[in-house]
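Next, two complexes with chain A in common: one pairs it with chain B, the other with chain C.
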Partner chain A sequence: MSKPVVATTSLSGCFGCHMSLLDIDERILDLIDVVEFNKSPIDDIKEFTKQCDIGIIEGGCCNSENVHVLKDFRKNCKILISLGECAIMGGLPALRNGIPIKECLDEAYLNGPTAQIGNEEQILPNDEELPMILDKVYPCHEVVKIDYYLPGCPPRADLIWDALVALVTGNELKLPYEVVKFD
Partner chain B sequence: MSEKIKFTIDGKECIAKKGQYILEAALENGIYIPFLCNMKGVKPAGSCRLCNVKINGRNMTACTTPVAAGMEVESEIPELQELRLSIIEMLFVEGNHFCPSCEKSGNCELQALAYKFQMLVPRFPYEFPIKEVDASSPKLYIDRNRCIKCKRCIRNIKDENGKSYFAFYKRAHDVEICLDKELAATMSDELAQKAMDTCPVGAILRKEKGFDQPIGTRKFDKQAIGTDIISVVENINMEVKE
Partner chain C sequence: MRTIINKIIEKFNRNEARLMDILLDVQAEFGLISGDAVTLIAEGLNISSVDVQQTISFYHFFSQKSRGKYTIYLNDSAVAYMMGRADIARTFEEECKCKFGSVTEDGQIGLFNTACIGMNDQEPAAIINGIVFPKLTESCVKDIVNGMKEGKSVPEMMGELGDGENSNKLLNSMVNNNIMKTGSVLFSDYKNGTAINKLVTMTPKEVIGEVKASHIRGLGGAGFPTGMKWDFCSMAEGDERFVLCNADEGEPGTFKDRVILTELPNLIFEGMTIAAYAIGAKEGILYLRQEYHYMKAYLESVLDKLREENYLGKDIAGKIGFNFDIRIQFGAGAYVCGEESALIESCEGKRGEPRNRPPFPVQKGYLQKPTVINNVETLCSVVKIIENGGEWFSMMGTKETAGTKLLSISGDCKYPGVYEVEWGIRIRDMLEMVGGEEAYAVQVSGPSGICISKKDFKRTICFEDLPSGGSIIIIGKERNLIKDIVCNFMDFFIDESCGSCVPCRSLPLILKNKLQKLLDGNGVMSDLTDLENWSKNMKAANRCGLGQTAANPILSTLKNFREDYEALIKNKEKDFDTGFNLDAAVAASCEAVGRNPQI
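After this line comes the complex of A and B, so read on.
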């Protein structure tokens, strides 16, 4: 039997969730014994080269590229997991959801203390190559169907490990009290 | 001595004082019924509905229903646990609960209930409502993003004349918690701490404090909410026996 194929991505996240995946420490050796990685920052495969079994999503959707990548994952993965608070509810990037987008951009590029130097022409990034920023940050399951949720900021390494083992072996996932946390 | 009456919760025999509310009696009998708006020593409000129990097939709030002799109360039944989880999920989506950046995280009763019920994601869409933070008083700041409108602060934080420091402003969905400016100006550190401890969530916070307990040592990091109830009762029983 061929190994289950796993893909991962970071949308509007901080890569902390991926770091937590690496926090499974030497178990990563067991993991690559039983699964194969496809598109993922971990192996630097940029595009899907085959259909995957499990897609792990870090981060919510803050721009058009995030939406594009998320839909691409839905198309190419049988199971999608929202990993971490950002994917599940927008997380800290969604703190901007109550602030008009113009105010956010003005603060970041025109008025903020770090915007004074280097942007003398007072330009808001407008190159057409750049993804469009969305009106607010969206949880992943409000954009595509998500099958499983692993909360935490980041989710505990043991939670990620146990979830992957459960999916690969087909056994039920046990959730001890200590592993389900929101921070 | 006040009259004692017998009743059952999920088939377990319990004893209550006559006139005692079900929730209070349950806790004294070592049975935890989830709640958010209730507080020991404060008049119950029955507003959060988490403590809903079933009596004769009807849902009643345990915090405002007095025990009657022979009453058969159902609490930990799938239907009610599901109702409780849905209330918790609703509270998460109708506020802005960014737990990773919240001073109360780890000590918050709403979060602790979500942990207890293992809420992985709310079933309702996130509302992301627009709420103001009020940091105008000297000792406290009010973060309305996290207020669950339980009225614990209004009922528990009063001056010597019985006047509340806190009040609701506006109505229904728009209701906002406010702190009386004049009273707040002379608030002591002790009372500020009491207000913060009264709030089940991170909506009332002391200024210049926060994030002072390492992760892993906070109240609900390792121990689920309600698990301490049983040991308290065991202690009481021990004392009675002695």
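After this line comes the complex of A and C, so read on.
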């Protein structure tokens, strides 16, 4: 049997979940023995080159590009995992969800203390090359179907490792209390 | 301002436990509780400003911003909508040229929504500067707003007064009692004072014995045996004891206590006196919801008369050493304060957050002293039990539920109003009685109760079958059960959660969003299982009755009207649909920065 293929991406996240993935340390060598990586910042493959088995998503959707990437992942992966708080609930970026987008843009580019210097022309970025900002930050499962959720900010390396091993071996993931308590 | 606020604080002896009264007076005096007022109150009571602020922020009727010279609170209960609330709200908005939740530009008129104000049998209804305006029509809304523009006082705009004591000059209210059926307990002939005169010939033990023999259960909804409650309280250790009467009546669709308060206030106070005698209390508090503030002068006069007649005060009815008096504590708009431990917190001037139990109020209640809290109706029934004996009472009703029950019936029926019936009445017979035979569904016991369909109309109202605190809402065929009723109830619970338990604070909103998803046509079958599974968690994960029952509107309709839910799901095979729409999601930001959306 060929090795399961894994793809990963970071949408509206801080890359902390990917850092946590790297925190599996030397086990990453074991990992590449049992899985093959496709599109992912880890191997810098930019586009899908084949159908994948597992897609790991960090971050929620804050702009149109996030949505396109996420939909692309859904199309190309059999199983999608929301990894971490932002993918699951929107996380810190979703703090803006209670504020109308116009106010957010004004604060960021026109009125905020960091906008006073450097944006004398009072421009709101509108280049067509830029992704369009969504009215609020959406968790991934509000955009596409998500199969599994790995909570944490970031999820612990061991949890990611255990989940991947469980998926690859087909064994049930053990979730003792210590792994899922967060207070 | 300093002088006025100091005077108010002095009136309540600088007692921080009377913060509610102080805030109510300040709100009434200034129309708001400003930041300066908060500081002055905090100084005067020697507590921190945030202590004052947290109480203010908890209650609907306190505000830190002006709500206008005229403040209109329009009921937004499900039955209000059935009776045409949407048109009334629209007319108010058009006439005032401002939206609900805001004040007109000139600061004159404020429009606000409020939860059920206990007028379901005469909706749409509003409270304007404390005065209830029932049965509003579009033309009377226009008259009212015109009157406000001319600067008339609110009493000048009043119409015809209501029936019975409502037209008593101290009540001076347009509210109607709509007493449709009187029974043999509450509305039996009674000469005021009879029970108290008999009471003082008995020992407290005998009184409790009689109440136990009657098998009466608390009529507020929970149904705890009253005699047992009194017994526990009398045995609890404490140097002082209190009797509290729960007249918060916040369950949407309940208005029976309002009628008792209007027509039989003596019974309430006599009932409290009996409880005081039984447990040895010197002080009683009637906790009255703010919505019924119009009764203040009237109820105070009843208390004064009782004092004059020596049925309250010192050596009551000639019994040396039997001293007891009652004060009225107003709430300020919070459904959860109907929960007994939240009610106690509120009486102590705090946020109405339920306490952890145990200890129960009978052990540590008001001011941490043993306290009996009974519903209005329970205490009134006790008066008749003392008058006629426990056995007489126990003969009525069913095996497990003795006596009679006052039902507040509203919604799609010909004769909404208050009915005193024996426990054990069948739903079908009740529907016939009120002219609601065409009912599609019946909501028994308000949003926190259950919604039953035709197949359950053979069931009976009593604790062994369908318990009820008194709210019955009849829902006709023409209603959209999920949209008109369930969503309205969920909005109510979202508003009324005290926020203390996370599941109660967040799940109702999440569940409501799920309902909206279904109504928007984006539902999939797994949404129904989610609704069910998540709702079930509410029972275990929240500490008070409000939180535990806040998902009942969904649970009971999913059980009894599943076909209504399934009808909303067009494609049963589909396993995912959130209705996420990228065009809609980017529209606002593209407009803000001035670019054409390119999907």
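Methods note: the second predicted complex is superposed on the first by the 180 of 183 C-alpha atoms of A that agree within 3 Å, B and C clash if a C-alpha of one lies under 4 Å from a C-alpha of the other, contacts with A are read in each partner's own complex, and residues count from 1 in each chain.
In this text, a contact is a pair of C-beta atoms (placed from the backbone, for glycine too) under 8 Å apart; a residue touches a chain by one contact, two chains touch by 3 or more.
All values derive from a computational prediction rather than experimental measurement.
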Chain C versus chain B on the shared chain A, clash or fit after superposition: clash
Chain B versus chain C as contact partner of A:E142, first or second or both or neither: both
Contacts of A:I57 with chain B and chain C, given as first, second, both or neither: neither
Partner chain in contact with A:G91 - chain B first, chain C second, else both or neither: first
Partner chain in contact with A:L21 - chain B first, chain C second, else both or neither: neither
Touching partner for A:L167 - first (chain B), second (chain C), both, neither: neither
First, second, both or neither for A:V35, with chain B first and chain C second: neither
Chain touching more of chain A, residue-wise (chain B, chain C): B
First, second, both or neither for A:L80, with chain B first and chain C second: neither
Contacts of A:L175 with chain B and chain C, given as first, second, both or neither: first
Offending stretch of chain C which, after superposing on A, collides with chain B (from 127-135, 145-153, 289-297 or 505-513): 505-513
Residues of chain A at both interfaces, chain B in one complex, chain C in the other: 136, 141-142
Interfacial residue positions of chain B with respect to chain A in the complex: 92, 96-102, 105-106, 111, 114-115, 118, 120-121, 125-126, 128-131, 215, 221-222, 224
Parts of chain A lying in touch with chain B, wherever the complex brings them together: 82, 85, 88-92, 94-95, 97-98, 136, 139, 141-142, 146, 148-151, 153, 175, 177-178, 180-183
Residues of chain A touching chain C in the complex: 64, 67, 100-102, 105, 124-126, 128, 132-136, 138, 141-145
Complex interface listing, chain C residues touching chain A: 575-576, 578, 580, 582, 584-595, 597-599
